[in-house]
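Next come two complexes, and both contain chain A; in the first it sits with chain B, in the second with chain C.
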Partner chain A sequence: MKKIIFNIFLAVSLLGGSLNVVAETAEEKGLAIAVEIDKRDTGFKDSTVKLKMVLKNKQGRSSVRELRTKTLEVTGDGDKSLSIFDKPRDVKGTAFLTYTHTIRPDDQWLYLPALKRVKRISSKNKSGPFMGSEFSYEDISSQEVDKYTYKYIRDEDCNGVGCFVIERYPTYKNSGYTRQVAWINKQEYRPEKIVFYDRKNALLKTLEYKDYKQYLNQYWRADIMQMINHQTGKSTDLSFQDYQFNTGLSEKNFSRNSLKRAR
Partner chain B sequence: MVVRIYIVCLFFMLYQTQALAAEWSGDVSMQWRSFLRTPLAQNPQQSQNNFSLAIQPEFYHEWDNGDQSLTFEIFSRIGDVDAQRNHNDIRELSWLKVYDGWELKAGISKVYWGVTESQHLVDVINQTDFVENLDGEDKLGQPMIQASVESDWGVWDFFVLPGFRERSFSGIKGRPRFSPLVDVDQVRYESSKKDQNIDLAMRWFYMLGDWEIGLSQFNGTSREPVFSPGFKNGQAVLVPTYLQMRQSGLDIQSTSEDWLWKLELISRNWRAKNFVALTAGFEYSFIGIQESDADLGVVLEYLYDSRGQQATSFFQNDVMTGLRLVLNDEQSTEALLGVIVDVDSGESFISLEASRRLGDAWRLELELRGFRGVNKTGLLNSLKRDDYLQLDLAYYF
Partner chain C sequence: MLVRYTEWILRWRYLVVIVSILAVMLIGKGAADLEFTNDYRVFFSKENPQLTAFENLQDTYTKNDNVLFVVSPQDGKVFTPDTLLAIQDITEQAWQIPFSIRVDSVTNFQHTYAEEDDLIVGDLVEEPGSLTLEDLQAVKVVALNEPMLINKLISPDAAHTGVNVIIQLPGVNQMLENPQVVVFVRQMLSDMKQKYPQMDIRLAGMVMMNNAFPEASKRDGVTLIPMAFLAIAIVLFILLRGISSTLTTLVLVLFSIIVGMGTAGWLGIKLTPPSASAPIIILTIAIAGAVHLLVTMLQEIHKGANKHDAIVESMRVNFMPILLTSLTTALGFLSLNSSDAPPFADLGNISTFGVIGAFFLTVTFLPAAMLILPNKAKYRVTGTHMMADLGEFVVRRRKGLLLSLSLAVVILISFIPKNELNDIFVNYFDDSVEFRRDTDFTTSHLTGTYTIAYSLDSGEENAVSDPGFLQQVEAFSHWYRQQPEVIHVSSITDTFKRLNKSMHGDDPAWYRLPDSRELAAQYLLLYEMSLPYGLDLNNQIDVAKQATRINVTLKTISSNQILALEERAGQWLMKNTQGLHTEGASPALMFAHIGLRNIESMLIGTTIALVLISLVLVVALRSFKYGLISLIPNLFPAAAAFGLWGILVGEIGLALSVVTAMTLGIVVDDTVHFISKYIRARRENNLSSHDAVRYAFKNVGVALWVTSAALIAGFMILSQSAFELNAGMGLMTSIIIAIALMLDFFMLPPLLMKIDGDDNR
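What follows is the complex of A and B.
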């Protein structure tokens, strides 16, 4: 379905140029942008990366989280990911396995190293904070086209480049947001900034993507993602290190059994 | 010559620690236990307050692209007034090799089976470290050879378990403890091979959408002892006997968005008799209560044993209600309150566990355990004055 819509969009743009684009509704144009983002990010197969989160409160006191994440691209469904925590040290070795899905709820497992117990957990908690940070589970989970409906708002310059401004509205249950406003780089179809509005449609958070690098001549990844919570004054800087793509990971590295030996 | 080999090995390990993926981690913790009542009149040696230290370091090294690894973890407690509680245990000393589609583990290790919270019926591979905690979640390392095969038809685990570990019991000064004292020196076995019987176990695990199903079989020496009255130096004691058993286990969890439905069922044959026991219930989660980040889980489980009052567990017709609070804050604050009530007698067991991180490397844990309405007979009777409050302050490295 995604592909068909994209092909129609492509054909329309190629044939008619600006005239046909104008004929699109704002919803169609918003969706087309989201489909193009998804298409440009398809085909990386798998990736591994180290994450460091610095949590800052209003008083400027900070604490650090470190984890490593492996991702497996799944065509036709959401990606699979495995995260292993290194810091804080009392949760070292705790591992978190997620099979994301587009419409139905994600499957999630938690591995508790002290008990050697693998626990299947409820994935209802989309809006809850990830490790006490300003990122919620829904912010860091795999972004699939069908997880939102879209609306194109306007064109605007951001960070000195041309951007589309689109709004997206979560289609899944238990989101903490009514809507998100995203600034999408027109050239590279990557997000530069996202502003989040809470369940009461009040301004909640701003996420900025910084220091983009391109991998395998195609995939753009920001080295730094900065999330500021306007309601609490807290912020989280998330930085990424040692991105590796197409490393040969397979389903067996993401099985429930593999959680027990995750390190 | 031996010394030279030893030095070479030591240098190799140090070199590995720096150059390859080898690492030390673990924790040191201080524990303070305060009993809320004076001991039973027949146990004047027991004390009211108790302070001890525990250390649990772990060495981990992997090679062969992560397909082979060595894990070594020991546990030691010192300083407790009870000599039996000051113990050392090798929790893990195992080699793991991952092949394509299956893996092999050899050495001392730990295995967890099951899904429920109130008791752990199907979890029978490791012996309980009973002096550490009454809840049965602390385990002694078990020698094993384990093969784990992943197929389209589920995960198949096969275990050969040489060498039996006796359950640890509190000594004369220890609390909480059974009265009369459990005399581990007089331990008996049904098997003529005593603690050298080689036990066999297997488990099949299958996942079907929201359903997870485990079927297990264990043939060998029961980890749970039965007690018979005995004497030591003219004093009455309890003598533990470890019977041979054949146990089949079933555990199921169904996970939907808000509900976790859980079942553990066992059928055990020992002393030429059969009995069944089960734990069944659910956990429901309220997410983001009162517009906050906190989650509140409600746990309800029913515990049954077909032997009724003859059951060797305390839970033959009991209901556990629990509340789990997770604040989802920066300090990962969480608490679990549980009450198990005997439907027949009204006896109850109360438990509160709460913990919070302090700074980046410390964690404070609070534990409260209590017994209410304990009747005059039965093993629980000897624990009725052993309600305690415990604080653990752990430093992680």
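What follows is the complex of A and C.
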């Protein structure tokens, strides 16, 4: 909490004080960008979306997964989210509840309808693949400012618009990455592309955000996220449908007990 | 015409020598681009069905290339805080190895257990330093009872353990990628040895094997090639007794090698241990023409001719036989192109370039240089008298020789079926290679290098969780575990059983496959979500969750045994499963098939070479009869040698499958030289068959004896190679050449005399 307040303070002072000739370090500028991204994405309260994942291997064989995700914005800590799996059929009804935290490990529960039990997943590991895809859990969980440290690299054109190129370094010890390079749209402060480097700092994956749409006149969401693993030749396309914001969800919908009722 | 040609060469001798040197230098420039390959897959053609099957399997799951650190604490105990700390350290460091995508060890094994309603998934060993004796014992029990670990990453006596690193080489430039891994891994090894002196650490795995290829080639290059040069120099000097003729021949040989290797470089051929042995082969073959030319020249001088005339006469009588023998030798080598193993095709082509180069140099550079250089030796060829005596002996004992040798050959041939096909790729390297020693150690103490992988396909998306399918997979793994050749089987069913147990409060009664598809699928989902970076299930389950990979680790067994095992497994699948029948794939299977595949492909090549060589002989000797007779001493040596091999060794493989075609072109040379002299004596001098044999012995006997001795010496040196394929090829070729010489001396002449009768024409 303290750190966030400090960060916001820092960011505000940096942004507000951009007229000042105080030399801004690359780290400060990187952080300021991250804070601004976070700021612009604040206030949507809750959202729901349908999600389709298409997994492909090197030979081009593919497989589809479908799920719905509800998210509750939490101020002062990471967001809460509940995912309900629809496809494949044999995991239909499986529900996954996450309380994202900024510094300590996230809390995760899974409801298994076949076992009719809620199981808490106690694992420090958030870097494994999500449903066998090229997205790891850490790639798709709520992106909190404090999960990384930052460094501004340069300005660069991406897809015809001006972008900041920043590097971010996971603060999470068991992360699968040494660093990520992100291209941030200068106007809308949204990521256009992220390149992931593995533990030995070798190129691992590229994530591209496509077909951005704006909701509630403020919040940008990409309809398509494409992840390519350069080392294995596998890829995963995520496509989102039916974004709804501010639907009146509350803490109640994100409790352990709500898991069993989730449909 | 030949006389005019030689006169021309001798007149322009300085120009000829200079142009030769320049041409060789130009071609030799290509050798700068030569590289040693470091990929065992080069032994397989692109169309090889076993290679294709293996590549498909790897594309469906993950690559199988690996580096295995084998750790043996000197106190014989893996489960101590110190050793576990070191294992954890190596595991951690191993993620830094270039192109590593996965690291498995006993410390990072993803252990699952229940705690009330929590499923806990985590490293089996978290903080080794803080483990009590009880904790250590508990960890040991888990590890030794875990089917994924036992006999794979931990030995049953808990004295040896492994850290396995999966390497995914991008394959953009394997020449750079594999060495990059090896350099890093070796640095890591030496750091670790220093840091943990209480442990022995060894390196195994396919990456290390890839690396052993160039290392073996380079070793051979440094030790064997100089040795071969020395041997040839000694043979030449004893025979020719002249420094300048010996030196000129050595230079000619060197030039031939440069031409062969240079052309290979220009064509972008990559060197493998077999093709890297080309210099030794060129070296021993290239001297033949020169020896024949020089011996005749020296004999002419001894008869009283001056050097100029002696060279002209020698060229006159030798040019055609040299052209002919070069042609047949080249045909033999070119037939290696039918081999299914590209390294042998390369060897054949490089040798062909060398042989062609040697021919041109022998008829240009050699006579020119001989006239320029002073030659103060006593012009007398060693052994001429002995050869005359030998000829006499053969004429006298012709009947007995023909009979006894025919009998001996037939007896030897009857032993050919005693040979068994065997290609154990680990044994391609001898004990002097570190990879072999470390791999042998690994096999006898921890786990095997031989594997077979199966992709069992349920035929329906997501059906990998289907209980019916899982039961069949389980039964197959169970069957495999019972086979005596098997060390370890990894199967996803073990993970399902473990999860089922953990989800039921770790009750051992639940250590069984989940009985509903939904339950299994949901376990899998839960488990996958709990796995850390790199330790996912992609190596065991395909993206569509439709098929799963079973990995079987074997003892080091013979090709026949592995093929028989795979056959048994196939039959088991056919009989006991519905539609799960599939063939196994692995490097071990690829190598098990390669000997037979190669023999089949070489049969065609050998036949074509045989027909072409026979045609050349018939045309060149201008006699159908002599052309056919010459086949006997050409075909019998290889057949007899394989019979002898059956008695002495009994195992043949990839390397020996190319020997027949290769030696065919070489052994035919002696026959050509002998018969052409015999025919010359009959046609030009009108001698009786007996006198013609005496003439041939006197005129060509020494050269035959010497060139054969040089060939045998050269190939015997090759048989000292650290690389078994070269060693076997060298030894076999030596035997064939020795038998061929014997037949040329003792069987061919009696045969000629028998067919021609002993009357004067």
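Note that in this section the second predicted complex is superposed on the first by the 240 of 263 C-alpha atoms of A that agree within 3 Å, B and C clash if a C-alpha of one lies under 4 Å from a C-alpha of the other, contacts with A are read in each partner's own complex, and residues count from 1 in each chain.
We adopt the following convention: contacts are C-beta pairs under 8 Å (C-beta built on N, C-alpha and C of every residue); 3 or more make two chains touch, one makes a residue touch a chain.
Bear in mind that the values here come from a model prediction, so they are computed numbers and not experimental data.
Undergrad: After aligning the two structures on chain A, examine chain B and chain C and state clash or fit.
TA: Here the two partners, once superposed via chain A, clash with each other.
Undergrad: Considering only touches as defined above, state whether A:Q231 meets chain B (first), chain C (second), both or neither.
TA: second
Undergrad: Could you look at A:R154 and tell me whether it touches chain B, chain C, both or neither (first, second, both, neither)?
TA: Touch partners of A:R154: none, neither chain B nor chain C.
Undergrad: Looking at A:R261, would you say it contacts chain B, chain C, both, or neither? Reply first, second, both or neither.
TA: Touch partner of A:R261: chain B, not chain C.
Undergrad: If you stack the two complexes on chain A, which partner ends up touching A:R89: first (chain B), second (chain C), both, or neither?
TA: So A:R89 meets both chain B and chain C here.
Undergrad: Once chain A of both complexes is superposed, is A:K116 in touch with chain B (first), chain C (second), both, or neither?
TA: After superposing on A, A:K116 lies in contact with chain B but is clear of chain C.
Undergrad: Using the superposition on chain A described above, determine whether A:P129 touches chain B (first), chain C (second), both, or neither.
TA: Both partners.
Undergrad: Between chain C and chain B, which one touches more residues of chain A when both complexes sit on the common chain A?
TA: The partner making contact with more of chain A's residues is C.
Undergrad: Which partner chains sit in contact with A:P105 here, chain B, chain C, both or neither? Use first/second/both/neither.
TA: After superposition on chain A, A:P105 lies in contact with chain B alone.
Undergrad: Going by the contact rule set out at the top, does A:K252 touch chain B (first), chain C (second), both, or neither?
TA: The first partner, chain B, only.
Undergrad: If we overlay the two complexes on their shared chain A, which of chain B and chain C does A:K173 touch? Say first, second, both or neither.
TA: After superposition on chain A, A:K173 lies in contact with chain B alone.
Undergrad: Once the structures are lined up on chain A, find the stretch of chain B hitting chain C; candidates are 40-48, 58-66, 310-318 or 364-372.
TA: 364-372
Undergrad: Using the superposition on A, tell me which residues of chain A are in contact with chain B and, in the other complex, with chain C.
TA: Shared contact residues on chain A: 55, 57, 63, 88-91, 115, 117-118, 120-125, 127-129, 131-132, 174, 176.
Undergrad: For a test of understanding, state which residues of chain B touch chain A in their complex under the given definition.
TA: Counting only chain B, the residues touching chain A are 25, 27, 60, 62, 66, 69, 96, 98, 100-101, 103, 110-112, 137, 148, 150, 155, 207, 212, 253, 255-260, 285, 287-288, 293, 295, 328-332, 357, 359-363, 394, 396-397.
Undergrad: Mind listing the chain A positions that touch chain B in their complex?
TA: 55, 57, 63-64, 87-93, 105, 107, 115-118, 120-125, 127-129, 131-132, 173-174, 176, 252, 255-257, 261, 263
Undergrad: Quick check: in the complex, which residue numbers of chain A touch chain C?
TA: 55-59, 61-63, 85, 88-91, 94, 96, 108, 110, 112-115, 117-125, 127-132, 136-137, 174-176, 198-200, 202, 231-234
Undergrad: So in the complex, the part of chain C that touches chain A is made up of which residues?
TA: Spelled out, the residues of chain C in touch with chain A are 56, 59-60, 62, 95-101, 115, 117-122, 168, 170, 461-462, 465, 503, 516-523, 525-526, 528-538, 541-546.
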